[in-house]
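For reference, chains read A, B, C and D in written order, and residue numbers begin at 1 within each chain.
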Amino acid sequence: MTSLTVKAHISNLSMVQAALEEWLDTIGCPMKISLQLQMAVEELFVNVASYAYGEGEGDLTLTFDYEEELSLVRISFRDQGMPFNPAECLEKEEESTRLQVEDRGVGGLGILMVYKTADQVHYSYQDGWNILTLEKKL
Amino acid sequence: MTSLTVKAHISNLSMVQAALEEWLDTIGCPMKISLQLQMAVEELFVNVASYAYGEGEGDLTLTFDYEEELSLVRISFRDQGMPFNPAECLEKEEESTRLQVEDRGVGGLGILMVYKTADQVHYSYQDGWNILTLEKKL
Amino acid sequence: MTIDKKLNGTSLVIALEGRLDTMTSPQLEEELKTSLEGITDLTFDFEKLEYISSAGLRVLLYAQKVMNKQGSMKVIHASEPVLDVFDVTGFVDILTIE
Amino acid sequence: MTIDKKLNGTSLVIALEGRLDTMTSPQLEEELKTSLEGITDLTFDFEKLEYISSAGLRVLLYAQKVMNKQGSMKVIHASEPVLDVFDVTGFVDILTIE
């Protein structure tokens, strides 16, 4: 298992993406799935950087894990920001996909993209930590 | 401060290098110093992966830190392998640089390269942890 | 990401290479803010676009809204990962994809 | 890293692009094991070599030892970071650097 702790700041996105891309290469992840996972991680990273700590600062820990017997990639996010269960936004975002162009506002699609890309998304809040885990079969 | 924990295995070198390179880019490190630091980190990473845990397995934690007021980059390595102070190899490696080609064996230059590249190298052994820190002014 | 523009009268073709993501979308947005004046026919060529994140969708939505007022817009040569994103977000119904 | 070879009689020029490091050195070593037979004149062109680590030095030392027996070897166009490494490791005294 690999873990990466950074300030939850947008300036660290490139580093996280570079590390993730190399890690996925190392475990032999096919290009298509690699791009999907990079997209999902981008969405969640940007959300934590933008919202989790409000005006304040805080850390984000990512862990990358590969279960070889199952060909399963597991990526988790841990932060100590405000409790936020993304599943609660899902329905609203699903609805917004049916809006016409003029009725669409900016944003509000990232979480939907994450849920549609991952095979499983699991959220829990424990001892002040948001723990969000994505799973994807290679 | 950014930290990265990986299995001390050579297969993780590319990920560490990718993360380091992006991080150095992010803080505005000039190309030349970036390449020097990547070289130094490679030497130390490979050493921990090759020797620290003998035949066993273990983790390596790298931290990247930038003190903006001093333009100072600080990179540290922490592992729980056998106690090893690289300074003890320095003299022998210095001597080997004066050998003729036929008398040179394979290896035994990495630590010298690290000391020559960094402005400061600091080693300590605390509570079962090797802690090695490089400093370099940008 | 690199942005390649080809202007032909009031037709503009914008070819993107790389990733249209959080880091690069502001670049495209800036470009569009100065390039769409007088354009009646906008084409995005996504042949070399590796992936798009929601930040990229936001810019495409902006472009579509502008072009709805002054002409037409289409997206060509989008790759599978990009089409998948258009699909799950309902952008397939908003954009003209060829 | 990419390895580009140009053979001219018993002269061989090997141009490297990228990094000669722990991950890529084995590639060069393999290449040398099959390419040096009968060569009397070996040139490494390092114009596009970004950096070299001790794993790379090891392969150069191997090449120098082979060439000492059968001809000559030189390194051309090495960049500053690479020259620095040759300098601190005493490779400046072992290699012929132009």
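Note that a contact is a pair of C-beta atoms (placed from the backbone, for glycine too) under 8 Å apart; a residue touches a chain by one contact, two chains touch by 3 or more.
What you see is a predicted model, and the numbers here were worked out from it, not measured in a lab.
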Third chains touching both chain D and chain A: B
Shared interface partners, meaning chains that touch chain A and chain C: none
Chain C and chain D: spacing of chain centres that average the CA atoms, whole Å: 46
Inter-centroid spacing, chain B versus chain A (mean Cα positions, whole Å): 31
Chain centre separation in whole Å, for chain C relative to chain B (CA means): 44
Where chain B and chain D are represented by their mean Cα positions, the distance between them in whole Å: 24
Multi-chain contact residues (two or more partners), chain B: 14
Touching chain combinations (by label order): A-B, A-C, B-D
Residues of chain B defined as touching chain D within the complex: 10, 13-14, 32, 35-36, 38-39, 42-43, 46, 96-102, 104, 106-107, 109-110, 112-113, 116-117
Parts of chain D lying in touch with chain B, wherever the complex brings them together: 21-23, 50-55, 57-58, 61, 64-65, 68, 80-81, 84-85, 88-90, 93-94
Chain B-facing residues of chain A, complex: 1-7, 11-12, 14-15, 17-19, 21-23, 25-26
